[in-house]
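Quick one: this structure, given as structure tokens, is what I'll be asking you about.
Order of writing sets the chain letters: A, B, C, D, E and F. Residues in each chain are counted from 1.
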Amino acid sequence: MRYLTFGEIMLRLKAPGVERFFQSPVLEATFGGGEANVAVSLANYGCDVSYITVLPDNPIADACIAELRRFGVCTRLIKRGPGRMGIYFLEGGANQLPSKVVYDRAYSAIAMAKPGDINWDEAMDGIDWFHITGITPAISEGAMALSLESVKTAKSKGITVSCDLNFRKNLWKYGKSAPEVMTEIAKYVDVAIANEEDVQKSLGINIDVDVESGKLDTDKYRILSDEVLKAYPNMKMIAITLRESKSADINGWAACLNDREKFYISRRYEINDIIDRVGGGDAFAGGLIYGLTHYDDKQKALEFAVAASCLKHSIPGDFNRVTLKDVENLAKGDASGRVQR
Amino acid sequence: MRYLTFGEIMLRLKAPGVERFFQSPVLEATFGGGEANVAVSLANYGCDVSYITVLPDNPIADACIAELRRFGVCTRLIKRGPGRMGIYFLEGGANQLPSKVVYDRAYSAIAMAKPGDINWDEAMDGIDWFHITGITPAISEGAMALSLESVKTAKSKGITVSCDLNFRKNLWKYGKSAPEVMTEIAKYVDVAIANEEDVQKSLGINIDVDVESGKLDTDKYRILSDEVLKAYPNMKMIAITLRESKSADINGWAACLNDREKFYISRRYEINDIIDRVGGGDAFAGGLIYGLTHYDDKQKALEFAVAASCLKHSIPGDFNRVTLKDVENLAKGDASGRVQR
Amino acid sequence: MRYLTFGEIMLRLKAPGVERFFQSPVLEATFGGGEANVAVSLANYGCDVSYITVLPDNPIADACIAELRRFGVCTRLIKRGPGRMGIYFLEGGANQLPSKVVYDRAYSAIAMAKPGDINWDEAMDGIDWFHITGITPAISEGAMALSLESVKTAKSKGITVSCDLNFRKNLWKYGKSAPEVMTEIAKYVDVAIANEEDVQKSLGINIDVDVESGKLDTDKYRILSDEVLKAYPNMKMIAITLRESKSADINGWAACLNDREKFYISRRYEINDIIDRVGGGDAFAGGLIYGLTHYDDKQKALEFAVAASCLKHSIPGDFNRVTLKDVENLAKGDASGRVQR
Amino acid sequence: MRYLTFGEIMLRLKAPGVERFFQSPVLEATFGGGEANVAVSLANYGCDVSYITVLPDNPIADACIAELRRFGVCTRLIKRGPGRMGIYFLEGGANQLPSKVVYDRAYSAIAMAKPGDINWDEAMDGIDWFHITGITPAISEGAMALSLESVKTAKSKGITVSCDLNFRKNLWKYGKSAPEVMTEIAKYVDVAIANEEDVQKSLGINIDVDVESGKLDTDKYRILSDEVLKAYPNMKMIAITLRESKSADINGWAACLNDREKFYISRRYEINDIIDRVGGGDAFAGGLIYGLTHYDDKQKALEFAVAASCLKHSIPGDFNRVTLKDVENLAKGDASGRVQR
Amino acid sequence: MRYLTFGEIMLRLKAPGVERFFQSPVLEATFGGGEANVAVSLANYGCDVSYITVLPDNPIADACIAELRRFGVCTRLIKRGPGRMGIYFLEGGANQLPSKVVYDRAYSAIAMAKPGDINWDEAMDGIDWFHITGITPAISEGAMALSLESVKTAKSKGITVSCDLNFRKNLWKYGKSAPEVMTEIAKYVDVAIANEEDVQKSLGINIDVDVESGKLDTDKYRILSDEVLKAYPNMKMIAITLRESKSADINGWAACLNDREKFYISRRYEINDIIDRVGGGDAFAGGLIYGLTHYDDKQKALEFAVAASCLKHSIPGDFNRVTLKDVENLAKGDASGRVQR
Amino acid sequence: MRYLTFGEIMLRLKAPGVERFFQSPVLEATFGGGEANVAVSLANYGCDVSYITVLPDNPIADACIAELRRFGVCTRLIKRGPGRMGIYFLEGGANQLPSKVVYDRAYSAIAMAKPGDINWDEAMDGIDWFHITGITPAISEGAMALSLESVKTAKSKGITVSCDLNFRKNLWKYGKSAPEVMTEIAKYVDVAIANEEDVQKSLGINIDVDVESGKLDTDKYRILSDEVLKAYPNMKMIAITLRESKSADINGWAACLNDREKFYISRRYEINDIIDRVGGGDAFAGGLIYGLTHYDDKQKALEFAVAASCLKHSIPGDFNRVTLKDVENLAKGDASGRVQR
């Protein structure tokens, strides 16, 4: 089984620990981005996964590629092109204080890439599963075109396509709205992943649940997922993540999956001391792709995905630095946090 | 609108992170002190604020002044004089372990200052609001005399005077007790700020609520504030902060305000993962001064103050490094802590 | 009153803060081990305590000895011998992610020590209380023999012997099982300390309580302790610690003590933001030994021990860096975590 | 005397200490840029100095402005506009390994600014000295136009104009070459500052000295400076810095000044353990401007400038964190480095 | 061209910066070992290189392998086996204070490996160049046997064999002396690398030059290398590194190469501010292997090797984190250390 | 052989690494002071040494005492009294930039101690060697009186007294000048230690050598020491340290000793990359006391002292963290700085 993910990876510059920006003259410097995060998850579980993007040809991008290689992600397909390395600045939050992202990703190499810059036919040779998100088409006209090329090629080669809708309100600045593009991309998607807001803002499908509030109503998610599957007959299934945001530290976390035959609901986790929320959704996507390709039982696949993303909240950085065994243990039900020795 | 605050600013030396003193051979070195903290809050909200104190003429005091300037606080009135820079050592706490303050502030420049060392008439030229606390008069005979001079001058110039009673049991060592002095100062105060213990220990006004325990009884605070206002006919209003200390990490936080016409009670926040409690009261004072001078509605002013101080608990250091927008968002009710991107 | 503890001390190499191993190229480097941790606790409370072990003759072991001396533990009895300094690697956990210990303690100097390498008669000269744990006899044939020698000598000299049963499933690799050895050692023990799993795995005494689950049932512990005391007529008392592991951050913590006359149950603490769990049991043992030798009242001794170990959860590192006063304050009931200034 | 400097300030992201990029997942994060560095120098010497630039409206730029304010630089003239905050990545060098700069400054707010975006007439109101460098006109067509506007306005208002020619071969990408622009700007300059390469690459004036080699030949610099002054009759004087680069740690450092009347040569410093070379030239410019406006004696002014920039090599970061007294002491000849206590 | 190196890689635990052991409770934690260092060098220059060793199956060894992968070294041949991960502790030196290595490498997985544990025939499939050092056979009887197996297999498959003699006086504890083993291994070596002490202590070939003293005498090295080549007729060439140790910071560095036809002497570098000397010899070996397989000119190959190892002295850690271009620039003669921007 | 030293120990707060004060919000926090530094040196060499001082009763002083205990210094004689813990702030220098000390030691416990506060008779029971410096009598009237008491008691008990004259121009503020006091103390001194400036400023004995300049003239030191010995007939010998301060990084270092019979001159060390100069003189004193009490040969004693203090320049912090073997190796002549493994 070979996997490929495509999207933007950025330099992530975070104020250290619980500090505000420039409280100390230091930034924690790592790398991350939705699709790269998914690739790292799959590599961590022992999968053969490649990641493709466009990066500039400089030492910062070299370090980024080396970091991906460290996790065992194959980086041979990565292209170098004009433009910058995208950056995002991050300030952690706590209690009632939200964490903040400041994007500096304009003019990145992937944003400046043009249709045809990637030979998708070659890149997808031997690939079984292709993953993309709703972030890449939001970056620029060119990245959108590349995204469309990618899913079309994948489809034509019989590759399973998963897509995390991932709506980002501060992107989509090149003249197209999210629904204009995402409704087109969705036609090529086998496995959709989303939260409720994504469904609404990317696909324009609404049912009235207040995103800001907390308590879940699983019936609504069943209805919502049914509507998406009705709108996209090609789509084999959709998974919806259910986050209850009580504070920057305390979240409830669960997910559901609708595969047209059955509506699965996962165990719900209470996370009381969130270390880093960023990448939680990507950890879910990575876990779900792993689960769907390694378990026959969709409930098990969903539980693996939710456990994986639950653990991500305890790990600093975008990447979900867990082992297969860590996730399996939690998915099996051991959430006691006892010291392992 | 121009503001002035007066008091002592100290070098704050904290054991790093969650460590005990000298567990590592390093101390986090910042600056802080009640009245300076209030000035920084006001500057952060975009106000034109000056801070006055007496500091020695050495590179440590220079750095302190530079740090205040960084936040936009006007430091031109600061005087240099004989004596040291006050220091306080701080060890963070967690759970049942309290954080600890070790004072090394004896013989500071402000403690050694004498009446007449500050030309209050000049310093207060053009000032609309003057803020002081009960800490300065607790330091030394001289600082007490300067404090008295300051409020009298302010009064004579028609400047609004606010005072955070701030009782500190380990000060008041120069021969006067807190009530002897504070009952005199209180006569010049328009806006008093206090917690219940401050009222009791500084003004000698008691009603029987156990400071150490938790659950609030708002009626008591109405009565208590009424008594203070009765005792000080000049006082236009008093705000009382209501902290429920469940552990070093978990506090309930709210406040009330009595303006002789109405008794306002704020929303109550549960803070579950306190980052730094020191300066929480000063953040309230800063927020209240801002609120009272920017909102017509006293409930809104109080909510702003409580939101501001609630956020302070999530920020390391004495200074409340929040933006006006951060506070407004929380005061409006968004406490979900969702990532802002 | 002079105390002696005997066992292995290791170099403790922890991933910094909340990071996974090698997320940064740095390890927090301290020292720790069950019996040394107990010695440090006693020294912190002002007791005259010695620690005996076998260490290699190199700068890392020198630093370890210096660190013990720093706390006031007498290190003059420590022997140097062939073999390594044992190491354990530690990764902190959070929420549902457990912390992990990776042992690298094989071939340590104490593991390679042989019966007769320590002159117990001399070492115990003037000693009133001797403490050992179930870890040392688990290390190697030689360490087991030395452990047996030690308790026999102590007994013969009328020294009170305490033993923390401390079952470690990844040790016991030299050919003997835990019960084979520990049932023999237990014959010389005056004060046994254990959790339920220890009793079961070390002494083979079971009653059916699920170790992984949470809610306590104090009756069971009364019965369990009665059975141990019945099996070991020499044993004067047994204390059992009661941990409810809700997550890596949140634990309930309490203990009980059975002295054949009465069954004491301590106050129960809810610890919501665990800083470091490792050494929590040792802090209990240290507190209990102090309590039993300084209070006539066993309830008070038990409360002291539970308060001490409760505080340990808020302190990074193996050693319980608290003062006598810190523990006394909590044992007396002040768990509010208010800033002390 | 009021000073104004204009140019780009960047976020400076440096690999920590002597490490290569991403050897640790951390970057030292400060700010710097030629003209801002000059402003900080002047502020450090107690001068009334303003800095003008265009920055985006985000928290990173806010922190940059706060940092300038910290040093006492007036930041009120700084404009906010579309575009990014420029960044440069820096890796320190040692011995034969050069330090490396990776620019990420394309599309910065100042690069995207247009002629007319700054009201130079207002900005220069009350200013006596205006400083610019050859970096700003190298950034973009717009920045070049703003630079030209600035020197013309200054000239028309009788303000003294200084310009550090500062040739940067990796800029000048918008279609104009350095000499095309700089020969025009030079017509408005009263005080030129340069090293030999700058003169050659910016003004196209050559004499044959090998830039890479070491040993100085002062006659050549006399001739070179004479030629520049001949070419620009408006120019009152030119200072040339003389760096002998023996290794990344060891440099000789001196300068000369030609004021048409006399050719001054400074003392020469051997710097054997360079801490940070970046900003050394700016420290010279700042020192020279201070010297020329505070000393009647040009030799003294030059010695002050060389001493100031010599000291910069011992200070990490772009800014020359020295006091007036530090520079005066060295300029007077105390280079012994004895502990001051 | 495919390369393979074989040997032990250790966890390297260094006191931070210039500190002594445990001056701070932290150790810099990286990985290194002679043959792995050579593999990293080759990977950095863009070569296709594999590294083979035996490591335990635990998270520390996993991190070690990930780190090698980061540099692009192929780690697929690495075997897991019983035993520990070898460790070495390092304290940096300065001036007259030498840096110190404390080995904790006994009982490592490679030390406990047995002949036959590695299938050399498979491992060397497709390999053109095999590199080994004199450290591996010094570790244990088993590692020695594996080393002999490796060079014999390489020889039989027509693979070029290079060997860095690398004498370590604190190893060789299993019953064989260095010359007993190394004279046998040398028979299979095509390219020998050594310093004078190595030749003497490993091969027993002496000429009288004092290792501790400084000034070089190139004639001696010509004679010495001639003698080695005479003793080992199979050997095609020998390179000898020439270090002049003036202090922990200041070393002269050069090398010579004798290929039976000609005696080449490299440029000599003065390194005045050594950052990290460990791995300097390995950087030479890596550079020489690269040079000999990429340049026809042996002088150029030697200059590349010396430049590479010269640069290593400016880089912290065992690995030579330079690029091909860095080395080429220095080999071409630019040692000025000017900032590259 | 038992040693005792008496003086002030301070909290030492240093800007990290090469940074200026508050460039980062952190201070390196250790402890140091002339006489404590000497005690640590002696303890490091294995001597039985006590240190006596007066400290406040707070957690900072507790940590200071623990740190001394870590090195094996006996701290039982240390008294607690009113007053502060003295502090000194330190900024490292480099090249032409001197390091700077900012004292905050006024009102320290030892400064506020009174004659009679220490029972010298008891403290000196069993002591063979007593060491003091010229710093203690410079602090305050009381500290001066205690110093005089101490040397008189020592003399009366036949204890050898050593004194490092150590002139500090920023102390001596209580009304007495250095010569007024030091000429009295010198009468009780057996072994005097000084540099030329100390002799001149403390004892008022001059010969014309320029302290600021470099090149040594050993004849002058012979004459100078002869004059001191002539003035103090009780004095058995005087050692004079000879520092050539070329820059903050580069110093020459040597010493001479005059024992009335012979004038010894030590080897001279060139130190090119000074890590920390503070405590260099104390390291000499500690080394000399060790040497004089362990070697019959005074040349050897002097070489030991100079080697010890030479090494101190390579060690951060006040304390000379070297082993006996480190010093012996250098004293024997190995200054090559080769890696020890």
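Everything below uses one rule, namely that contacts are C-beta pairs under 8 Å (C-beta built on N, C-alpha and C of every residue); 3 or more make two chains touch, one makes a residue touch a chain.
Predicted, not measured: the structure shown is a model, and the values here were computed from it.
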Looking at where chain A touches chain D, is over half of the residue numbers used by both copies, so same, or under half, so different?
same
Looking at Cα centroids only, farthest away from chain E lies chain B
Tell me which chain's centre, taken as the mean of its C-alpha atoms, is farthest from chain A.
F
Consider the two chain pairs C-F and E-F; indicate the one with the greater count of contacting C-beta pairs.
E-F
Whole-Å separation of chain centres (CA-atom averages), chain B against chain C:
44
Give me the residues of chain D that touch two or more other chains.
17, 23, 25-26, 66-67, 100, 272-273
Considering only which chains touch which, how would you classify the arrangement: line, ring, star, complete or other?
complete
Spell out the part of chain F that touches chain C in their complex, as residue ranges.
66-67, 69-72
Touching residues (chain side chain C, partner chain A) in the complex
17-20, 23, 93-101, 103, 168, 170, 212, 214, 245-250, 272-273, 277-278
Tell me, which parts of chain D touch chain C in their complex?
23-26
Under the stated contact criterion, what part of chain E meets chain C in this complex?
13, 16, 21-22, 25-30, 58-60, 63, 66-67, 84-85, 87, 89, 91, 100, 102, 104, 106-107
Can you tell me which positions in chain D touch chain F when the two form their complex?
17, 269, 271-275, 307, 310-311, 313-317, 321-322, 326, 330, 334-341
